[in-house]
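Let me begin by presenting the structure, written as structure tokens, before commenting on it.
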Amino acid sequence: MAAIYSGTEATLKTLAYQHILSVEQFTPDVLEALFGLAQKMDRQVALGRSDSILTHRIVANVFYEPSTRTDLSFQAATQRLGGRVITTAGGVHYSSVTKGESLHDTVKTIACYSDAIVLRHPNRGAAREAAAASDALTRAMHRPTPIINAGDGTGEHPTQALLDLYTIKDRFGADIDGLTVGFLGDLRNGRTVHSLLKLLAIDRCHVKVICIAPESLSMPPEYVEFARSREMPVSQTQDLQGVMQQVDVLYVTRVQRERFVAQKLDDLAAQVYGLPYENLDGQRKEALRPVAELNAAQEYLAARDAYVVDPMMLSQARQEMIVMHPLPRVNEIPEEVDSDDRAYYFRQVQNGLYIRMALLAAVLDCLG
Amino acid sequence: MAAIYSGTEATLKTLAYQHILSVEQFTPDVLEALFGLAQKMDRQVALGRSDSILTHRIVANVFYEPSTRTDLSFQAATQRLGGRVITTAGGVHYSSVTKGESLHDTVKTIACYSDAIVLRHPNRGAAREAAAASDALTRAMHRPTPIINAGDGTGEHPTQALLDLYTIKDRFGADIDGLTVGFLGDLRNGRTVHSLLKLLAIDRCHVKVICIAPESLSMPPEYVEFARSREMPVSQTQDLQGVMQQVDVLYVTRVQRERFVAQKLDDLAAQVYGLPYENLDGQRKEALRPVAELNAAQEYLAARDAYVVDPMMLSQARQEMIVMHPLPRVNEIPEEVDSDDRAYYFRQVQNGLYIRMALLAAVLDCLG
Amino acid sequence: MAAIYSGTEATLKTLAYQHILSVEQFTPDVLEALFGLAQKMDRQVALGRSDSILTHRIVANVFYEPSTRTDLSFQAATQRLGGRVITTAGGVHYSSVTKGESLHDTVKTIACYSDAIVLRHPNRGAAREAAAASDALTRAMHRPTPIINAGDGTGEHPTQALLDLYTIKDRFGADIDGLTVGFLGDLRNGRTVHSLLKLLAIDRCHVKVICIAPESLSMPPEYVEFARSREMPVSQTQDLQGVMQQVDVLYVTRVQRERFVAQKLDDLAAQVYGLPYENLDGQRKEALRPVAELNAAQEYLAARDAYVVDPMMLSQARQEMIVMHPLPRVNEIPEEVDSDDRAYYFRQVQNGLYIRMALLAAVLDCLG
């Protein structure tokens, strides 16, 4: 472990009982302290020791969408620290949500039983809505129940960005100035790359970012602007091979056929009807689909094939670089790459545990 | 917290290793002691402290139906006291039940692994059946595993009634003589109002009950008789506005369209075929549905609109009254009411935790 | 409890951090020590005491198929010993598997969060594949995460065989030489009988085995050979009545109509097309089904009726024999048999807890 962090746990007091909704809440100081604590958690787990600092604390995992990594790592993080987990067995769909209960009421209810709520939801903004519900209850009950955003649709996934940045520093040291970070794949829809790009900028890292994506899946301008306004240079290309030798970090994401089709549907809806696709009636939606599928096919196949990080592609990369991926992967990194020392995606998985342990300890105010 | 309870925990010895199937098992003495213990649990949780009196105890949550409040609050109650939970992940449907296993065998099996079973089941009488299965195993194994009824169809939901009565006393003091309690909505099918009405009578509370419901969803005569036989006056009305000023407690329940339709189907089946609806063949059932839907529509809409407890309606109520609801709610109480001091339904949710903590401690014989 | 075991816990060191994939990994010495430890666990649970030897250990339950007994007993076993459980809520189907993640990646991921993985999977060989994935991660992380096979399709279910053999010894003593063990029902597809037959042979028990099954569901020759090569006599019959008086142990399994149909489909596919059934296209598969159903019907009904162990049948059995069943049962043992002292299937369920407690303690190296 290369990184040496100088932050102190006292800095983490600012996270106590705060909702964790967005990477924008973090500052370089808090990140420094959080990563130092995560490193401590790593050591404890490695020694087979666990603290009991979350004894008597209950964390509720509320997942409106499937998840392996986020769900299980929060379960493990809570329990590694001696806390307890309550969970909507069978996913939240096996609950009163099936009787039409609002997110507001579900959150207020679960807040009565738990000390923090980890929420995954398909809708952008759901975490913020849940936080408002929790606050409303707090006013009545004088007891805050922080919401931790574990992914809200195309919105944010802050704990993923935290573990990603932590992993980069885990490899290259706490000071990562001068690195080149490449983002590869579907940069338009991937909330993990959006969040990580923002977090790099927030952390005032002097890194250079290269966005590598097909045109229709390129990084949305608002994120590029966010980075540039914080003096982080961002360039864009469609050519992976051309930049393979430059990157110290290659952050790979899944390219899904359906995303291309969705993009084409939007384009067609605008052209043909002058309306957003989602505003069309069912019949018109159906009418556009065959053309969209056709238009998307070639672009999808090209992107899929051009953006596979296999041993051949990796042979052109630096020896000290690392390959990251938020997982699950499908075809974009073949399994044979796993044994390459540069494959860092299961290191990310591990670090997710330590970051979430650190974050829970901070949010539940269980430090020192 | 207004209530002062004089019961002692020794009284709760009578609950040790007993199945909790019905409110009829309780006596005023036991209720007094249980509510006193629940109050103690409330204080402990508020102080961030938890007892470890359930250490080494395992509670199995077995839910054949979706549930948020009951499932999660039993999970939290067990763990707040240091116990452990085992649970049929994905609901019991993700288990051997899918291979045709009987409730008997499932209960006997889970009783081998746990110290108590919390059971939610769609069929009336299922909890009693489960208790018989557990007893049969006990005879063989010399080790009782109590069943706690967490709702069995249109049957009972005793822990809900306990938390409801506890909430009323939490607000008005241990002695609630002289209060007027209004039950509103679908009183025909709502097991929570059935159980609470009975529990009020069992506790020998000198309260006055007003049942407010459309004719086809009125309180079944057996419950009214049960109350009257214990000298508890029960009146009935369809007019919420007319009694709004009288009630100290307004207990609201959901009015569901499907319940009206079911009622009409029963009526039609009797008129047309002289048979109960459920005895008809598929074709006849289908034939009755359009008429039933039509007949039900107007009545449903009238009830739905007449029985909405909104700020306008509440402006006619007493200042010291409270509004209760077992949740989930749909339209019957708009969210804007939540900030009214009289809204007590999330207080109910909280109290559910304390009551279930107290009950588990008593049933598992972990007191003193 | 009749059995006296002379094994010592030191022998169990050989299981530390080992994958548990097959009964073939066990030796008579290890079995002796494991059963002695299971007996100790039994006593501890009976006394309401639990050890805390798994404190700070996390066991992941990963079930790709429904399960009541195996899932819940591993949850209970872990927690009875002070460990913690993480679980893919809603079954693993409510996870990244739905996004196409491979078993390899899922196992490697969960291995990052846990100290052991209990895996149930529909495919034969899945446990071995999972073990390879875990080993690959171990090489990278210097930290082994053992896989415990909790049933992989028609492959093995080693912990079931362990609890079955333990139950026989629990009844007849550690030395079971001279007993006659009858296996009844679907011996072709039942992985529990395959595993137990092998384990009896591995343990060098001098028992006599009688396989009682309809011809099309008879014990596969490889298992019979396995036993005979270890000097364990195995005979085969279709006549339950004829051997009822001889057996000391009657191990009953479910006879499922679908198994007969599958067998007939295989036969027909070979006759008609000269191909394995699974290689046929959809249309040909459909074409064979009606005949297969017809051909199977009579055989199924005959087997189902001939192999019911009811009080009448039991009246012909020895007084000291026992009836076992891996459960769930459907019709093959009526509930009225449960009160017979010879009914040992819920004893099996209980013993499953103790065996799994012992195994977890050994595999996680938490003994002495």
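Observations on the structure shown:
Letters are used for the chains, namely A, B and C, taken in the order the chains are written, and counting of residues starts over at 1 for each.
Methods note: a residue touches a chain if its C-beta (ideal position, glycine included) is under 8 Å from a C-beta of that chain, and two chains touch if they have at least 3 such contacts.
These numbers were taken from a predicted model, which means no experiment stands behind them.
Contacts with subunit A and subunit C are shared by B.
Homomeric contact subunit A/subunit B: same residue numbering on both sides for under half of the interface positions. Mean C-alpha position of subunit A lies 40 Å from that of subunit B. Contact of a single residue of subunit B with at least two other chains is seen at positions 87-91, 94.
Of all residues in subunit C, only 56, 58, 60, 84, 86-92, 94-102, 104-106, 108-110, 112-114, 136-137, 139-141, 143 touch subunit A in the complex they form.
Across the interface of their complex, subunit C is touched by residues 46, 48-50, 61, 63, 66-69, 71-73, 75-76, 79-80, 87-91, 93-94, 327-330, 335, 338-339, 346, 349-350, 352-353 of subunit A.
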